[in-house]
Amino acid sequence: MNYLVEKRPFDVLNNALNNNVLVALKNKKELRGTLASFDVHMNVVLENAEELEEGETKRKLGTMFVRGDTIIFISPA
Amino acid sequence: MNYLVEKRPFDVLNNALNNNVLVALKNKKELRGTLASFDVHMNVVLENAEELEEGETKRKLGTMFVRGDTIIFISPA
Amino acid sequence: MNYLVEKRPFDVLNNALNNNVLVALKNKKELRGTLASFDVHMNVVLENAEELEEGETKRKLGTMFVRGDTIIFISPA
Amino acid sequence: MNYLVEKRPFDVLNNALNNNVLVALKNKKELRGTLASFDVHMNVVLENAEELEEGETKRKLGTMFVRGDTIIFISPA
Amino acid sequence: MNYLVEKRPFDVLNNALNNNVLVALKNKKELRGTLASFDVHMNVVLENAEELEEGETKRKLGTMFVRGDTIIFISPA
Amino acid sequence: MNYLVEKRPFDVLNNALNNNVLVALKNKKELRGTLASFDVHMNVVLENAEELEEGETKRKLGTMFVRGDTIIFISPA
Amino acid sequence: MNYLVEKRPFDVLNNALNNNVLVALKNKKELRGTLASFDVHMNVVLENAEELEEGETKRKLGTMFVRGDTIIFISPA
């Protein structure tokens, strides 16, 4: 594709590094934590992460490596 | 394929940049927001996005990176 | 494969360009609209599209970019 | 693989061209029609096709492009 | 991988050619028939095949091209 | 990746060759048998295999070719 | 991607080698054990592993080869 797209989707993740993000997973749970790193497969590492169910904190998980293909969206806080 | 297809599907996304779109997800939810960027995997970034359930706004999510393989369709408003 | 297949599946889509098609999706919904473009991933753009549930029009969606891997079949009207 | 397999699976589809086939889909429906073409992804085109549910004709669909990854099996009539 | 594995999984399919096999599918059904051919994608052709549900013959299907990615296991009779 | 990982996951399968293993499948069933071979796709052949449901032997299946993408884990006995 | 991401997701797994980790699977179960090895597909080997259901130990499984595509996340203890 030769479209002159000035902004690329991964820019949003790059700008969110070291900031708080909400990660929605295909298993209907959500995670909230600090985005520590990501790669092209959308694998991400969250720090100080917690798992949410229906908006409520379910448990604290600390550092997490999350597999990219389980993610629906990532939204910077 | 050597078909002389004058229009390509991604043209529609390119034309929709900076405009409002409806994004239907495989998890049965829908998103509405401004299409800020996309890539060949159909990953998209929405801004001023909100999540809809059965047509009703469920929550406002601001900026979202949405993984392409979770998308069913994208419809420009 | 060296089979001398004179007809190829994508010919059917090429012949259906600018014509009305029925698109069945893996989420059990169906779409009806004018086939405006397609690519090798079977991504398609429909125009004047409407979403059907159990054969009934559910809503009108105008132009839609539909992700190929969500499609079961495409049938020219 | 260097196995000396004299017969290859796709030979069966090649021999079935222009003949009637039964196509079972992952969504539990089945299609019956004339196999007009196929490709290496197992995308197939059926003509004079009808959709079956539990063995009963549900509707006639004429020409259909069926995406290969939705197919469980194809059985020549 | 440089492991000196003397036996390879596909040897089992090669040895089973022209013999009776049981094929378990992801849709919970099973097939029984003569293994006529297979390829590296694990696509297989069965002849004199029948479809089983909970161990009972449900219908006879004759020759079948079965898509490899729908298969859980193949067991020579 | 340039990590100096001295142990690799597939070493565990290599060491388990000709030994008894438990194989958990995505369809919730489990298999137990002798690991006769495996390949890089995690396709495995089990011998003297039996299918378990909730820990109980359901049936004996002898030799089985199990498709890698249906496997959750393999545990040497 | 040319982003200057100093930390990469797999660093977290590398640092967790020989330490205790929690592995969440797509089948809703979780595993806890010592991370013995991993590869780029996110296949991992756990030692002294146990399977958890709703936080409770269900059974002890010893050494396990876990297929990467069944994993949601890995969290170092």
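By written order: A, B, C, D, E, F and G. Residues from 1 in each chain.
The criterion applied here is as follows: contacts are C-beta pairs under 8 Å (C-beta built on N, C-alpha and C of every residue); 3 or more make two chains touch, one makes a residue touch a chain.
Note that the structure is a prediction, hence the values are computed from the model and not measured.
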Just tell me the minimum hop count from chain F to chain G, counting one hop per pair of touching chains. 1
Chain D to chain E, mean C-alpha position gap in Å, rounds to 18
Approximate Å spacing (C-alpha centroids) for the pair chain D, chain G: 40
Between chain G and chain E, distance of the C-alpha-averaged centres to the nearest whole Å: 32
Give me the residues of chain C that touch two or more other chains. 10, 69
Just walk me round the ring: chain E, then chain F, then whatever comes after, in order. E, F, G, A, B, C, D
Quick one: which bits of chain C touch chain B in the complex? Just the residue numbers, please. 10, 14, 17, 25, 27, 31, 36-40, 43-45, 49, 61-67, 69-70
Okay, in this complex, where on chain A does chain B touch? 1, 3, 5, 7-13, 22, 26, 28, 42, 68-69, 71-76
